[in-house]
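One chain, subunit A, appears in both complexes that follow, with subunit B as partner in the first and subunit C in the second.
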Partner chain A sequence: MIGRLSAAAATMLCAASAHAAEGERIDVTGELIDTWCYFSGVMGGPEAVVGTAHHTCAMWCAAGGIPVGLLGEDGEVYMVLKLDGDDAANGGDSFLTLTNDTVEASGMHYARDGINYLVVSEVRSNLGIPNETHEDFGVIPGNAIPDAVVDDVLAEAE
Partner chain B sequence: MMLRKILVLACCLALPAQAEDGAFSEGSEARNWNLTAQENARFTARVVDILCELTGDCPENCGDGRRQLGLVREADGALVLPTKNGQPLFTGAATDLQPYCGGTVEVDGLLTGGDAVTPGTAKVYQVQRIREPGGEWSRANRWTKEWAKANPDAAGEGPWYRRDPRIAEEIAKDGYLGLGPEADKAFILDWY
Partner chain C sequence: MRVRLLAAALAAGLAAPAGAEAPPPLPFDIGGPFALIDQHGTPRTEAALVGTPSLLFFGYAQCQAICTVALPRLAETVDLLTEAGVEVRPVLVTVDPVRDTPEALREAAPRVHPRLLALTGSEAALAAARKAYRVESELIGEDIEGPLYSHGSFLYLLDDRGNFLTLLPPILGPERMAKIARKYLDGRAMGQLEPVGTR
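Right after this comes the complex of A and B.
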């Protein structure tokens, strides 16, 4: 009987460990990016869809519920599931307002089936958007700034 | 200036898109989006709250729409990350998957990215169609309907992202580049 109970307990433990992944506390410095455009290439190469060039589109994507990732200095992308305790990763305000900011973050890292996930417990510092990619790429997509806004600025300058 | 614009256009058109067949491509009717390392994928999976799946932090109903949702594929137990729904409107997949929280679905769509972008990384998934096993397919296009319900004051012409009050507030504060309205003006005068 004890043997059967032990086997049942072992089975339950195995089921529990299969359910939850092993996490590791890490510090990551990097830019909070739009992961769809980054991985899909739908708007060009990865270098064109980060920083200021892609800021407006990245806001659209963050508000639209596309996962926000932290592109670390190591080149890895960590899918952010929680940000400073906020679990509203499906379009929540915390994720929208920090888009393209470069941050120093601490949290728990989980790796499963080839994807990195990060539960950010603390954003230790925020460096704003130092990645001024618009100088090389303009804005991506090209209509990110509405024509009417462009026309107003040009008319004002004349 | 014109040369710079041409170079940017060339960069954006130089997509490394190449359709591939994968282990889950059979029977897929997903539409071509010309994505990086694109691979059709149709499979059966359980819809999970990713945070719950990884950490054991499991609120009711997968967090009621707040959280990112994943697909644990029946065939191999892999946790697949859906990043996009079927709408060409900057919209994710979690809202389309939310009604199926904890349930089993069949999905059809595209895998993209992975090693072609970041070595050692798995592809992410675009969900185009969803159905309960044996049920009718529905298009993964629920996001904009839910946005319209949540934002009745933003009704009007044009796509949702031009009318969204939260995005408008961010642009009013930090501009289209995120560097402030003055940086936007300088950029427009230089680039256009």
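Right after this comes the complex of A and C.
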């Protein structure tokens, strides 16, 4: 499984090597991911750093300036340059509230230097975080949520 | 083990050769005039970016997040390019005008790279520079060390006239960044690639 995922991940950015002369309008459905943890492998395989398991870390990463990517259903990762209405292309925490959400987005795709970039013109729908990876992986990394907070949440749940 | 396998697989993917065709221009302009101050207190404008290609990053010296990845990668990329005979000037524009005074940057800059040009200025002057380069920055809180800023982290490769050539996600390794930079800078040297406009 890991091998297949790794191979799939390795091909994601390769696919952008065939350059288009201009950007092209595309629709992408996928999850807004933390590209650092996804590509670096520092937190484990790519299946562990998406969805609910990695949500807290992904928010920290987005707040810290890590570029957000849109992991499409086709397996491609699109580096998101801006959302509709943003003046900035090189974003800060615009995506903080959207990390790990699965969205249906329209935008312009630019394949540059073997990398996919997406200028999002419209988020047509937001499905929230249906990818409940915490059931398999817990919290990734384990210290992303302080124990005291977990205890409080569990106490409230009881 | 699986992390190493994944890293190797990703490295292979990231190292895939790009096509020969010039990349599509982005639908917005990146770059423009600025009036800042370097770490020696010398006023600097966009003219400071003329004469040598630059690798430009917006961040701040006290940043404990993306800058701790991006700045070392910027420095290593510059060194890899230098080894390959391609001179590139590393440039940091701070997003933290309060703490990144010229004096503070004079102390911090050599820790990043001995040739780092570190720029600061008034809040308004830095905001104007960020607007020109379409970089977002926002104060998101305070911790015991001081203010925390969220900020855009793509690096910009500029030609020897200060024109935007391409952007580099900070998640790329220095080898990949240097390889991309050489595609543009070697090409320019050989007259094979025209500067890539942004519109």
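A few remarks follow.
Simple rule for what comes next: the second predicted complex is superposed on the first by the 122 of 158 C-alpha atoms of A that agree within 3 Å, B and C clash if a C-alpha of one lies under 4 Å from a C-alpha of the other, contacts with A are read in each partner's own complex, and residues count from 1 in each chain.
Rule of thumb we're sticking to: a residue touches a chain if its C-beta (ideal position, glycine included) is under 8 Å from a C-beta of that chain, and two chains touch if they have at least 3 such contacts.
Just so you know, these numbers come straight off a predicted model, no measurement behind them.
Of the two partner chains placed by the overlay, subunit B and subunit C both lie in contact with A:Met79. In the superposition on chain A, contact is made by A:Ile115 with both subunit B and subunit C.
After overlaying the two complexes on the shared chain, residue contacts for A:Leu127 are found with neither subunit B nor subunit C. Of the two partner chains placed around the shared chain by superposition, subunit B is the only one that A:Ile140 touches, whereas subunit C remains out of contact.
Comparing the two interfaces of subunit A, the one with subunit B and the one with subunit C have residues 19-21, 23, 35-36, 39-42, 44-46, 60-61, 63-67, 79, 81-82, 87-93, 96, 108, 110, 112-115, 117, 119 in common.
On the side of subunit A, the complex with subunit B involves touching residues 19-21, 23, 35-36, 38-46, 48, 52-53, 55-57, 59-61, 63-67, 75-77, 79, 81-82, 87-93, 96-97, 99-100, 108, 110, 112-117, 119, 128-129, 132, 134, 136-140, 144-146, 149-150, 153-154, 157. By the touch rule above, subunit A contacts subunit C in their complex via residues 2-3, 5-7, 9-14, 17-23, 35-36, 39-42, 44-46, 60-67, 79, 81-82, 86-94, 96, 108, 110-115, 117, 119. Listed in rising order, the residues of subunit B touching subunit A in the complex are 4-5, 8, 11-17, 33-36, 50-51, 53-57, 63, 65-69, 78-81, 83-84, 89-95, 112-114, 117-118, 120-124, 126, 143, 161-162, 164, 166-167, 170-171, 176-179, 184-185, 187-189, 191-192. Listed in rising order, the residues of subunit C touching subunit A in the complex are 2-7, 9-10, 12-14, 16-28, 30, 58-59, 63, 65-67, 69, 130-131, 133-138, 140, 149-154, 166-171, 180, 183.
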